[in-house]
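After this come two complexes, each holding chain A, first together with chain B and then together with chain C.
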Partner chain A sequence: MAVKGKIAQYSEMLKNKDISCIELTQKYIDEIQKCDDKLNSYVTVTPDTAINTAKIVDEKISKGETLGLLEGIPMTLKDNISTKGIKTTCCSKILDGYTPIYDASVWEYLKNQNAVLLGKTNMDEFAMGSSCETSCFGGAKNPHNINYVSGGSSGGVASAVGGNIAVYGLGSDTGGSIRQPASFCGIVGLKPTYGAVSRYGLIAYASSLDQIGPITTTVEDAAIVYDAISFYDDKDSTSRGKSSANTIDTLKNDIKGLKIGIAKEYFDGIRDDVKTAIEKAIKVYESLGAKIVYFDLPVLKYALPVYYILACAEASSNLGRYDGIRYGFKSEDYHSIHEMVSKTRSAGFGEEVKRRIMLGTYVLSAGYYDAYYKKAQSLRGNIVKAFKEAFNICDVILAPTVPITAFENGHAVSDPIETYLTDICTVPVNIAGLPAVSIPCGFGNNGLPIGMQLIGDMFCESKILNAAWQYENTTGDDVFKSAEMGVKL
Partner chain B sequence: MKYELVAGFETHIELATNTKIFCSCTTEFGGEPNTHCCPVCIGLPGTLPKLNKKVVEYAIKAGLATNCEIAEISKMDRKNYCYPDLPKAYQISQYDMPLCQNGYVELSSGKKIRLNRIHIEEDAGKLIHRKGDTLVDYNRGGVPLIEIVSEPDIRSVDEAKEYVEKLQLIMRYIGISDCKMQEGSMRCDVNISVRPVGSEVYGTRTEIKNMNSITFIAKAMEYEFERQVDLIESGGKVIQETLRYDDVTNTTSSMRGKEDAHDYRYFREPDLVTINVPKEQVEKIKKSLPEFPTQKLKRYVEEYDIPNTDAQLLTKYRKIAEYFEEAIDGIKTPKTASNFIIGQIFRKLENEAEKEEFNIKVSAKSLNELIKLLDSGKIKMNLAKSTLDKMLETGKNVYELISESDMGGIDDNTLLELCNQAIQQNPNAVNDFKNGKVKAVKAMVGFVMKNSRGKADAVLAEQKLIELMQ
Partner chain C sequence: MVTHEEVQKLAILAKLFVADEELDKLTKDMEEIISFADTINNASVEETNFDNINGLSNVFREDVVIPSFSREDILKNAPDNDEGCFLVKKRG
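Showing the complex of A and B:
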C-alpha cells in the first residue's frame, strides 16, 4: 500500500476540523512525555510555544482563513538551529545557559508560517558524531529498538520523527548527519544542495559542508518541507535558493528511462544484508523502467580523509569562539584570561569535539598545511569533477547510505576510527555540495532499518525526490514501516 | 662604521563607511560600550558575515590612489588567534589574494616607496582595564580596515614621516578615511633593521607595533635605530621580535620573540564567496576619484603659474585646493588668490588640523568677488588686504564692507549728477539712444568716466544712464 504523506494529511484534517490544532499539538506533547524517557530525543520541550502557535492556527481555522501546508503541523528543530528565546545548546556543555537573541533564517520563515515547534532535539555535540552519543545529554535512541542508537549527528530529530513524536524536523548534514540517522531510523532524510537552504543561524561545524535539511517519514513530506525552506537568503553569502520549480510539482512523475548510476566503490566493504537490500531496490527501479548504468568512481577512496581534514580544519576555527567570555559555560577557577579560556574549553567540550579541534588545528598548522589541508582542498576539486562527469552519464546515483545498520548503544563512541569509516558513503556528497536523499529500503538481519540514498547533480532535488517517491510508492508500507510508538491518528 | 636604517610599514586605516564590514552596525567612533553591536559582529553562534560592497569600493580607491594593480579575483581568509577582543577567535582578513598589489607612494624627493599590497579586514574590539577587571567593548569590532604593506624602502626617519603623512593625505583626499591617528583610525606597525651603509643585505628586523602618532613613530624609530646599532657595535645580535614602544620612557620593549610568533592557520573563509572586481568597475571607480595632490600641484604650477612651494601648500589638503579652485573661477590672476590664501587666510589658522578643516568665514565666492574688484582696478591692493581681514573677522562679503566711495570711486549722488550732466550735454546721443541706437549710451558713459576722472563705475554708470533716459 502506498505511503501517505503526513503533512498533507494532517493539514487536511485541520482544515476539515477533524481535529483542532490544539488537540493535535497536545497529542504530540503527551506522547513526548510518554516516549521520551526511552528515546531521549528532545533536549528542550517547548509546550507553551507550541500551544500558543496552535491557538493562533485554530483561530485562523475558525475564521475560515486559508492555511499554509506547514501551518499548525507539529515539528522539531535540531538543537544547533538558532531559536530566539529558546535554549540552543548544540548538546554541548560549553553552550550551557546560552539562549539565542535571534532566529535562524529557516526558523524565522517557518515560525511565520505558524509551524508548531514542539522542542529542540538531541544531537552529537556540535554535530560531531555518528551515533548521537557525543551529546552532553546522552544519545537519542532508535525507535525501532532502543538498544540501538538513532544515528548522528541529527539523531534526536530522526528519533523523534521515527518515533512519531514530531511530524517532521530539520536537521543538518555535514558528512551525513541527516541521511545516516534517517537511514538508521527507517525514515526519509534530505541533504539539499550546498546553498539551497540558508545556513544563517545554523551553529557551524564545518561551514563549507554544513547544510540544513528535512527529516520526515515520507518522501512527499520531505518535498513539502524542502520546498518551504529552500529560498535565497541575503544573510547567507553562500545562499542561492531553489533552482527553479517546487519539487512537489514533479514528485510523482514517471521515471521511465531515468538513468540511475551505480558506482561499485560505494559497495566496497558494505554489509551483505545492506548490499542485498540495495540490489533489491535496483530491481524495483528496473521494474519502473529506469535504466541502470554502472560506472567507476575511484576518487571516492579519498573522500573520507578529505572530509575529516576539511571538516576538522573548519571546525577548529568555528569553535574557537567558545571561550567563556560572552556566553555559555565558563570555568570559575582561573587567575588569568588565558587560564580562564583554557579551563573553560577543557571542561566545556567533550572528547570527540576536542579530538576534532586538535586534528583541525594540526592540519592547518605551519609546516603541515601543504601536506594535509592544501592537498585535501585539491582532492576536493577532483571529487567535484568526478561527480560532474558521472552526471554526464546518469541522472541520479543510487548508493547505500551507510554500510551497516544502527550501532548498538555505546559501540560507536568506543572506537572512533571504525565509526569514522562508516561515513564513507555519505561524505562524498557534502564534499561535492550535491543533494542526496536517504530513504528506507528494507530491514537488516537484526531487524533494523536499512537506508539507501539517491544522489543528484547540483540543484537537482526534484529528480532525486521524484525517484525516491516512485520507489516509496512501489514498495509502500513493507519498507516504510513506522516504529510502533508515538502519535497515531 | 656608518649604519643605514631600513624600514617598512604596515599601516592600518579604518575606512569611513557608514556601516561595518560584515553587518549593518554603525562604524561611528565611541558610543556607550557594546551599543554598536549585533549578533553578527559579536560573533554569536550561527551568524554569518556579509561583505559590505562599499568596503571593497573604498579599498579599490585606496589602491588606485597609490598606483596599485587591482585584482579581478580575490577572496577573504580567516586569521585564527585567540584574544578576548576578537569574538569569533578569527579575524576575517585577506591572506594570499589581496585586493590591491604592487603600488607605490611617491615622496617629494621623487623617491617611490613601493607598496606590496593593500588588503581589507575587520577591526577587533577593545579591552578596557579597570580596577583589576578587564572589560571588552565590541563597538569597534567589525569596523572595516585596510592594511597597507610597504616594501622595506624607507631609509630615514624623515622618509618615514613623509610616507605616513603622504598616506594620510591621500586617503583623506579620496575621502575613504579620516586617518585620525589619535582616535586609532590610522595605526602603524614599523619593521625596522639596520645595516652598514653600502650593504645589500638586510639586517635582522624587529617590529614595533601599533603606533598612533607620527611624533612617536619618529621617536621610536630613532630609539630603535640607535639600539640596534649599539647592539651590533658592541658585538651583539639583533633578534627578531615584536616590540612595543613606550612613549613615556621613549624606549621599546619586547612583546614576544620569534618563537612565540602566532601561527595564524590562515585558510579561506568558507562563509564568504569570491570577490569579483570586473575591469569596468575599476574604471568606474577611477573616474569617480578626485584629482590627486600631485596632479593638482603640477597643474597649478603649469597652468596658473604658481610657485611650487605655494602650490604644495595649496594642494596639501583637499578642502584648501577645492577652495582655491572655486576662488579663481573667472579670474585672470590665480596667483593673487594663492597669495591671499597662503598669507592672510592661513594666518587665521592655528595649526595643520585647522588648515585641513579649513573652516573660515570667507567663502570662496566672496574671495572671488574681492579679487575681481582688484583685477578690474576698482580697488587697490591695500584696500583689498584690509577688506579681506575684515571679511575674515566678520564673515561679511566685500559689498557689505566697502561702498562705492571706498572703492576710490564716487558716491551715488555724484554719479547721479554726472549722469544728468551727460544727458543734458549730449542731446544727440540721447536722441540716438531713444531711436533705438543702444550703443549711443557708451558715448555718454565715456563722458561720465571722463568727468569723474575714471573714478566712476562704468557698469553702474551705464545702468544709471539707461534708467534716466527711459
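Showing the complex of A and C:
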C-alpha cells in the first residue's frame, strides 16, 4: 500500500473540522511528554508557542478563511536554526543561556504561515557528528529501536519525525546530516541545492557546504516543505532561491525513459544487506521504465578527506566567534584575555568540536595551507567537474545513503575515524553543491531501516523528488514501516 | 609524526587550552586524523581554481541606511556589559 503524506491529510482534516488545530497540537505535546524520555529528541519543548499558534489557526478556520498547506501543522526545528526569543543551543555548552534576537529566514517564513513549532530538536554539537551523541544533552535515539542511535547530526529531527512526535522538521546538511539520520530512522530527508534555501540564521558550521532542508515521513511532504522554504533571500549572499516551478507540480510524473546513473564507487565496502536493498530498488526502477546507466566516478575516493579538510578549515574560522564576550558561556578562571578566551572555549566546546577546530587550524596554518587546504579546494573542483560530466549521461544518480544501518549507542564516539568513513556516500553531494534525497528502501538484517539517495544536478530537486515519489508509490509499506509510537490519527 | 609541541602550538592558534593530561590523547587523535587527510597528497589531478559552488560573484548593494538591531538587543546575550559596551573585567 502506498504511504500517505501527512501534511496534506492533516491540512484537509483541519479544513473539514475533523479535528481542531488545538486538539491536533495537544496530541503532539502529550506524545512528546510520553515518548521523549526514551527518544531524547527534543532539547526545548515550546507548548505555549505551539498552542498560541494553534489558537490563531482555529480562529481562521472558524471564520472560514482559507488555510495554507503548512498552516497549523505541528513541526520542529533543529537547534542550530535561530528562533527569536527561544533559546538556540547547537547542543553545545558554549551557547549556554543564548537566546537569539532574530529569526532564521526559513523560520520567519514558516512562522508567518502559522506553522506550529513544538520545540527545538537535538543534534550533534555544532552539527559535528554522525550519531547525535556529541550533543551536550546526550544523543537522540532511534524510534525503531532505542538501543541504536538516530544518526547525525540532525538526529533529533529524524528521531521526532520517525517517532511521530512531529509531522515534519527542518534540519541542516553539511556532509549528510539530513540524509543520514533520515536513512537511519526510516524516513525521508532532502538536502537541497546549495543556495536553494536561505542559510540566514542557521548557526554556521562550514558555510560553503551547509544547507537547510526538510525531514519528513513521505516524499510528498518533503516536496511541500521544500517548495515553501526555497526562496531568494537578500540576507544570504549565496541565496539563489528556486530556479524552477514547484516540485509538487511534477511529483507524480511518469518516469519512463528516465536515465538513472549507478557509479560503482558508491558500492565499495557497503554492507551486504544494504547492497541487496539497493539492487532491489534498481529493479523497481527498471520495472517503472527507467534506463539504468553504469559509469565510474574515480575521484570520489578523495571525497572524504576533501570534505573533512574543507569542513574543518571553515569550522575553525566560523567557530572563532565563540569567545565568551558577546554571548553564551564564559569561563571566570582567567588572568589575561588570551586565557579567558582559551578557557571559555575549552570548557565550552566538546571533544569532537575541539578536534575539528584543531584540524582546521592545522590545514590553514603556514606551511600546511598548500598541501591540505589548497589541494583539497583543487580536488573539490575536480569532483564538481566529474558530477557535471555524469549528468551529461544520466538524469539522476542512485546510491546508498549510508553503507550500514544505525550504529549501536556509544559505538560512534569510541572511534572517530571509523565513524568519519561512514559518511562516504553523503559528502560528495555537499562538495559539489548538489541536491539529494534519502528515502527508505528496506530493512537490514537487524531489522533497522536502510536508505537510498537520489542525487540530481544543481536545482533539479523536481527530478529527484519525482523519481523518489514513483519508487515510494510502487513499494509502499514493503520498505516503509512507521515506528510504534507517537501520534497516530 | 605529530609532536606534543605542535599540538600545543596549534592550541594557541586555535585559542584552546589543552591541559597536560589531555595532551597524549589529543596528539594521538591529531596524528590519526592528519594521516587520514594525507590520503589526498598523492592525488594526481588537474589543477582547478575552485572558487565557489553556485557561480555567484560578489555584488555591492546600494549604501542605504536600514534599521538594524538596537544596542540593547545586541547586549542582551552578553555575559557582562556596562554602559552600553561589552565588558571584559581586568584581572591579574
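One rule holds in what follows: the second predicted complex is superposed on the first by the 489 of 489 C-alpha atoms of A that agree within 3 Å, B and C clash if a C-alpha of one lies under 4 Å from a C-alpha of the other, contacts with A are read in each partner's own complex, and residues count from 1 in each chain.
As a working rule, a residue touches a chain if its C-beta (ideal position, glycine included) is under 8 Å from a C-beta of that chain, and two chains touch if they have at least 3 such contacts.
Computed from a prediction, not measured in an experiment: that's the story for all the values here.
Undergrad: Could you say whether A:Phe231 touches chain B, chain C, both of them, or neither, answering first, second, both or neither?
TA: neither
Undergrad: What is the contact status of A:Ile203 with respect to chain B (first) and chain C (second): first, second, both, or neither?
TA: In the superposition, A:Ile203 touches chain B alone.
Undergrad: Which partner chains sit in contact with A:Ile357 here, chain B, chain C, both or neither? Use first/second/both/neither.
TA: second
Undergrad: Once the structures are superposed on A, label A:Tyr102 by its partner contacts, choosing first (chain B), second (chain C), both or neither.
TA: In the superposed model, A:Tyr102 contacts both chain B and chain C.
Undergrad: Comparing chain C with chain B, which touches more residues belonging to chain A?
TA: Partner with more touched residues of chain A: C.
Undergrad: Is A:Ile309 touching anything from chain B or chain C once the two structures are fitted on A? First, second, both or neither.
TA: second
Undergrad: Pick one for A:Phe295: touches chain B only (first), chain C only (second), both, or neither.
TA: Touch partners of A:Phe295: none, neither chain B nor chain C.
Undergrad: Between chain B and chain C, whom does A:Val341 touch in the aligned arrangement: first, second, both, or neither?
TA: In the superposed model, A:Val341 contacts both chain B and chain C.
Undergrad: Looking at the overlay, what does A:Thr88 touch: chain B (first), chain C (second), both, or neither?
TA: After superposition on chain A, A:Thr88 lies in contact with chain B alone.
Undergrad: Could you say whether A:Ile325 touches chain B, chain C, both of them, or neither, answering first, second, both or neither?
TA: After superposition on chain A, A:Ile325 lies in contact with both partners, chain B and chain C.
Undergrad: Where on chain A do the contacts from chain B and from chain C line up?
TA: In chain A, residues 98, 101-102, 208, 234, 237-238, 316, 320, 323, 325-327, 337, 341, 361, 365 are touched by chain B and also by chain C.
Undergrad: Quick one: in the complex, what on chain C touches chain A?
TA: 7, 10-18, 26, 29-30, 32-34, 36-41, 43, 45-50, 52-54, 56, 58, 61, 69, 73-74, 76-80, 86, 88, 91-92
Undergrad: Over in the complex, which chain A residues touch chain C? Could you list them?
TA: 97-99, 101-102, 193-195, 208, 234, 237-238, 240, 299, 302, 304-306, 308-309, 316, 320, 323-330, 334-343, 345-346, 349, 354-355, 357-363, 365, 371-372, 375-382, 384-385, 416-417, 420, 432-433, 458
Undergrad: Name, in rising order, each residue of chain B that touches chain A in their complex.
TA: Chain B residues touching chain A: 39, 42-51, 78, 80, 82, 84, 87-90, 134, 136, 263, 265-267, 270-273.
Undergrad: Touching residues of chain A toward chain B in the complex: what are they?
TA: Contacts found on chain A: 80-82, 88, 90, 95, 98, 100-102, 104, 199-204, 206-208, 234-238, 313-314, 316-317, 320-321, 323, 325-327, 337, 341, 361, 364-366, 369, 373.
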